[in-house]
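Structures incoming, each one as structure tokens.
After this come two complexes, each holding subunit A, first together with subunit B and then together with subunit C.
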Partner chain A sequence: MSAPIEIRGVTKHFRQSTGVFSPPRLVRAVDGVSLSMKAGGCFGIVGESGCGKSTLARLILGLHPVTDGDIAVDGKSLATMNRRERARLIQPVFQDPFSSLNPRRSIRDIVGLPLAAQGASGGEIDRKVAAMLERVGLRPDMAPRQPAQLSGGQRQRVAIARALVLGPRIVVCDEPTSALDVSVQAQIINLLNELRRDLGLTLVFISHNLAVVEHICDEVAVMYLGRVVEHAATDALFRAPAHPYTRALLASVLTPEPGLGIPDVGLGDHYPDPANVPPGCRFHPRCPIAAARCAVETPAPRMIGERRVECLLA
Partner chain B sequence: MSALLEVEGLRVRFNSRAEAVRGVSIAVNKGETHCLVGESGCGKSVSSLAIMGLLAKGGQRTADRLAFGGQDLRGLSERAMSRLRGDRMAMIFQEPMTSLNPAYTIGSQMAEVLTRHRGGSRRAALDRAASLLGRVGITAPGMRLAQYPHQLSGGLRQRVMIAMALMCDPELLIADEPTTALDVTVQAQILRLLMELQRELGLAILLITHDLGIVARMADRVSVMYAGEVVESATAGALFAAPSHPYTRGLLACVPIPGTIARGAALGSIPGTVPRIALGFQGCGFRDRCALADASCAGAVPVQRRAAGHEYACRLEPGWGERALGERALGEQA
Partner chain C sequence: MAGLLGVLIVAGVALMAVLAPWITPYDAFAQDLTMRMIPPAFMEGGRPDHLFGTDQLGRDYLSRLIYGARISMLIGVATVITSGLIGITLGMLGGFIGGRVDMVVMFIITCRLSIPLILVALAVVSLVGSSLTVVVMTLGLLLWERFAVVTRTTVMQVRTLDYVAAAWAAGCSRTHILLREVLPNIVHHLVVVATLEMAIAILLEAALSFLGLGVPPPLPSWGLMISEAKDYMFFSPWVIMVPGISLFVLVLGINFMGDALRDRLGASREA
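Here is the complex of A and B:
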């Protein structure tokens, strides 16, 4: 059974200490995001580092409290759930399987930990762990091994097994293949896709790899400095990006097609800083088509057909 | 004309147990980008470090030929090598934060490169540093010279690294995954910059990457590495048009190319993982993961010549891939 996710006006601000004598900086990691994610779909969130995509993932997982706004799953607010309830519903798969698995525990203990936390018996844990390992393409006899004895791809399979062992309805994947080699990355993408279909999962897929996002997601939200600047069905977004930032992002994807050279993305050397959000449209200092009013007017989200765009000029 | 960098039969072993590089041959011409591509552990970085004489302790290098601009590098003393490095051959690494000294300003680190290799005044060196920072697209270079590495973003730091590598007008630039730590938009900017600089300065670039997209867009020539060996070598056009080693073909099938594969359809993948090669390993390093391997793959591997300048190491003869596809198409029709 899958579940829809409703994100309403969510904001997350962090106070970043800058030293003993200077005042803390306010980092606007997520700054007013509203999204609805369909049950059983694969929802992609893309953007550069510092755009807030990982913070949004952690908010959906309930790992941070929101500063403002609300996230509801199946109509029920995350804030009203306790940890165990949340864990049965939503599970994470993180980027780096080398650091997200406890090096001193066996695979059996790592995958079985969520079960143990919910109070399952030893025999039940053994049985479910073995079945889960098989489901993600590992041999059940690997259960006594430790993470160091596995390859990167196998470790990520362990992380996926741990995420699925409680039978959650939503899995939030934060850059699940970025630390892996190309050939292994394809194995993991195929596995996630297959599991989504077979188990009816809702996948939230956060990545900077646009080719992978295009391949597996049905809908994509593009984030820039804490805001969703464009949200559309994958086909529409990749075929005709409406926001200049989306266009730049897509232009910078280097597909393996020789002879095309390296495109000019036209963004200059101004890098975004979530502690220092520009006034007006927050993309205007880097925008290749910015007009004078972009520096003063803040764009409101607008619907253009089926897509939602935050740009004064789109 | 002989190549600027000539490497033949390069071997690297560690602690006389594992062999990381097993007979690699590459040649890089002036003004050319040669990509060394492969997955982690294939020996691409170790090869480049061995060429520069920067192997970690315990690493032993042997080669049949290792020459830079006609000069044999094998017998060169550490002192002579370090005179070459940063001067006529320069290197940029993946993570600029670890290659820049956090305790010194950008200006003093950049100036030192020039004054150490070429002498001259610090003032002149700082002027050159400022003009190179401008050249790599950094606005307000004067201000940046006075800053410390931690005050810059990742993209700016990598630009600084490139500018620093160019201080002495090198002939060869070895770039080891120079954009892997960067965002895609910044990556495109940095790679574009490298291409422009190459055209302008006639640089030879040895680019080490795992990213086939970068290879396709940047490379003149490509060497695909697997388990310490070059398994296929060709021009970029030929490699992508007619990949001939089973590993190269497998690798290309793993990358989703928009418009060529249905959404959600399974991507190609290569089962298993890169093996650890023990000393005295014989035969094809890929045979355990190769669907087409047979008993003969444990013996000596012949080098096949697909076309002039396009070679691969495999028992399968040129054209096997097309024939396999043709047979499959016939089978589907029947």
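Here is the complex of A and C:
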């Protein structure tokens, strides 16, 4: 199967101003990420807050220009596409359906926006919006309503309808369920999975909910401080994590038994700062198994069987 | 409640301004020296045919008040349109594009804030000579900074929201995003600024007229009426009270209306 998304050495640095008299800080949000995602699959990206997974999502959507590297879809670089071409190929579903829908426009206008941007006629928009609302499990007569009249789950369905109305190949979901009630999360996940199967979509699924990722994704990349530290098939990754950070991340999932408390994952109190990346292996200050050379040598990605790991000791 | 009162006041004054030539009982410019300084009808010595009395040249005060509403409303509306166009454009450029453009916009705003408003208005009017157009242009070119500051800040807040990102991803143009996604979501802030600016412009025109540099006589602006009446106020207090109270009531009404519009446009649609 061909790879529809090919990410090669993508880097995104932000300059953060710290005042008039001090030099700007360089925040390495994404720092040399290479991944390839299979068509028709669901690709998970996990990691803690600030690891660069949302920035990577925005880069794939073309919302930020890359500092370095290249993202290509079907062999064509995103940088060479115009905005309409890119919109037909890649669409987003954001985390919070309360801020991702314009409160001053009707559902019909919101879902029809990508069509309007392509220059579709009013009648065509009406027809396609009605069909798409039905497809995501909403009544077509909701079209004239305002977002404020809808529940969180309904709003997220509207966001999904907007993402799919152009018939894109790739949908980038940035934590699509974490702002929703637990009871609604499963419905939205199942809807996304069903649409992926029926429409042949490629899903890029960004989440810190590991249970959801395990359920829906075929492949998972674990990000830490702007880099992918482990990339493997979901089964392999969850069964036998190779990188110490992946192990810590999996261990941090709360167990259903009460009384055990919050698990101690052994990462210490250091919090990773993307403006101040440690030398050597960037995980070594928090790594439970770090050796002396981890502070000096930068690990190169290595293939261990089918998986790719960035660790000197794994 | 106050909102309704405000709308009624502003609508009443606006109606008066539009219908002035048809509803005035007398010619607002006709002098009658035998009928000078007649008190209003409800005061001692008043005559029923002059409801608000007459001024020092025997002109009917009610008629002048009605014509004065024309000048005040015209100045208020024209100033808001001029300053709104300048301020909203600058604020949107700075807030939306950011970076160097924003630095330039902030510099212009800071420059404007350090200009003493009344002094510049006085200087311009005394250089160019006073006319209605000059007063409107001067006020319009000076009163945009509140529009610019409010637009810039609110655009900065809105542009980071996910629905703007979704519009970018949908392939919308920059103009579309500014005018259809961002602007409708800051308009309730701008309405409040607009009413505030309108009130300030009306008061400033009155101040300029009082200083003799507003609209030229014999045009009956409310500020000019106060100015012309100040020599007579000790023996005939109504000549200053009638336009003064009118000015106060109109500005109060505009502010009430602004508050009500903000509540209505802002709060109700956001969940």
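Going forward, the second predicted complex is superposed on the first by the 304 of 314 C-alpha atoms of A that agree within 3 Å, B and C clash if a C-alpha of one lies under 4 Å from a C-alpha of the other, contacts with A are read in each partner's own complex, and residues count from 1 in each chain.
One rule holds for everything that comes next: a contact is a pair of C-beta atoms (placed from the backbone, for glycine too) under 8 Å apart; a residue touches a chain by one contact, two chains touch by 3 or more.
What you see is a predicted model, and the numbers here were worked out from it, not measured in a lab.
Visitor: Do subunit B and subunit C fit side by side on subunit A after the overlay, or clash?
Guide: Superposition result for subunit B and subunit C: fit.
Visitor: Taking the superposition as given, does A:L26 touch the first partner, subunit B, the second, subunit C, both, or neither?
Guide: Once the two structures are laid over each other on A, A:L26 reaches no partner at all.
Visitor: By the touch definition at the top of the document, which applies to A:L61: first (subunit B), second (subunit C), both, or neither?
Guide: second
Visitor: Contact-wise, after the overlay, does A:I216 reach subunit B, subunit C, both or neither (first, second, both, neither)?
Guide: After superposition on chain A, A:I216 lies in contact with subunit B alone.
Visitor: Could you look at A:F238 and tell me whether it touches subunit B, subunit C, both or neither (first, second, both, neither)?
Guide: first
Visitor: In the superposed arrangement, which partner chain does A:E48 touch: subunit B (first), subunit C (second), both, or neither?
Guide: The first partner, subunit B, only.
Visitor: Using only C-alpha centres after the superposition, what angle do subunit B and subunit C make about subunit A, to the nearest 10 degrees?
Guide: The three centres form an angle at subunit A of 80 degrees.
Visitor: Residues of subunit A touched by subunit B versus by subunit C: which partner has the larger set?
Guide: B
Visitor: Return first, second, both or neither, reflecting whether A:I289 touches subunit B, subunit C, both chains, or no partner chain.
Guide: Touch partners of A:I289: none, neither subunit B nor subunit C.
Visitor: Between subunit B and subunit C, whom does A:D96 touch in the aligned arrangement: first, second, both, or neither?
Guide: second
Visitor: After the two structures are laid over each other on chain A, how near do the C-alpha atoms of subunit B and subunit C get, in Å?
Guide: For subunit B and subunit C in the superposition, the minimum C-alpha gap reads 14 Å.
Visitor: Does any part of subunit A touch subunit B in one structure and subunit C in the other, and if so which residues?
Guide: none
Visitor: Applying the document's contact rule, which stretches of subunit C touch subunit A when the two form their complex?
Guide: Touch residues, subunit C against subunit A: 161-163, 165-173, 176, 180-181, 184-185, 269-271.
Visitor: Note which residues of subunit A are touching subunit B in the complex, please.
Guide: Residues 48-49, 151-154, 181-187, 189-190, 193-194, 208, 210-212, 214-216, 218, 234, 238, 248-249, 251-265, 267, 269, 271 of subunit A touch subunit B in their complex.
Visitor: Over in the complex, which subunit A residues touch subunit C? Could you list them?
Guide: 58, 61-63, 83-84, 86-88, 90-92, 94-96, 98-105, 110, 113-114, 117-118, 146-148, 159, 162
Visitor: Quick check on the complex: what are the subunit B residues that touch subunit A?
Guide: 39-40, 137-139, 153-156, 159, 183-189, 191-192, 195, 210-219, 236-237, 239-241, 250-258, 261, 263-264, 266-271, 273-274
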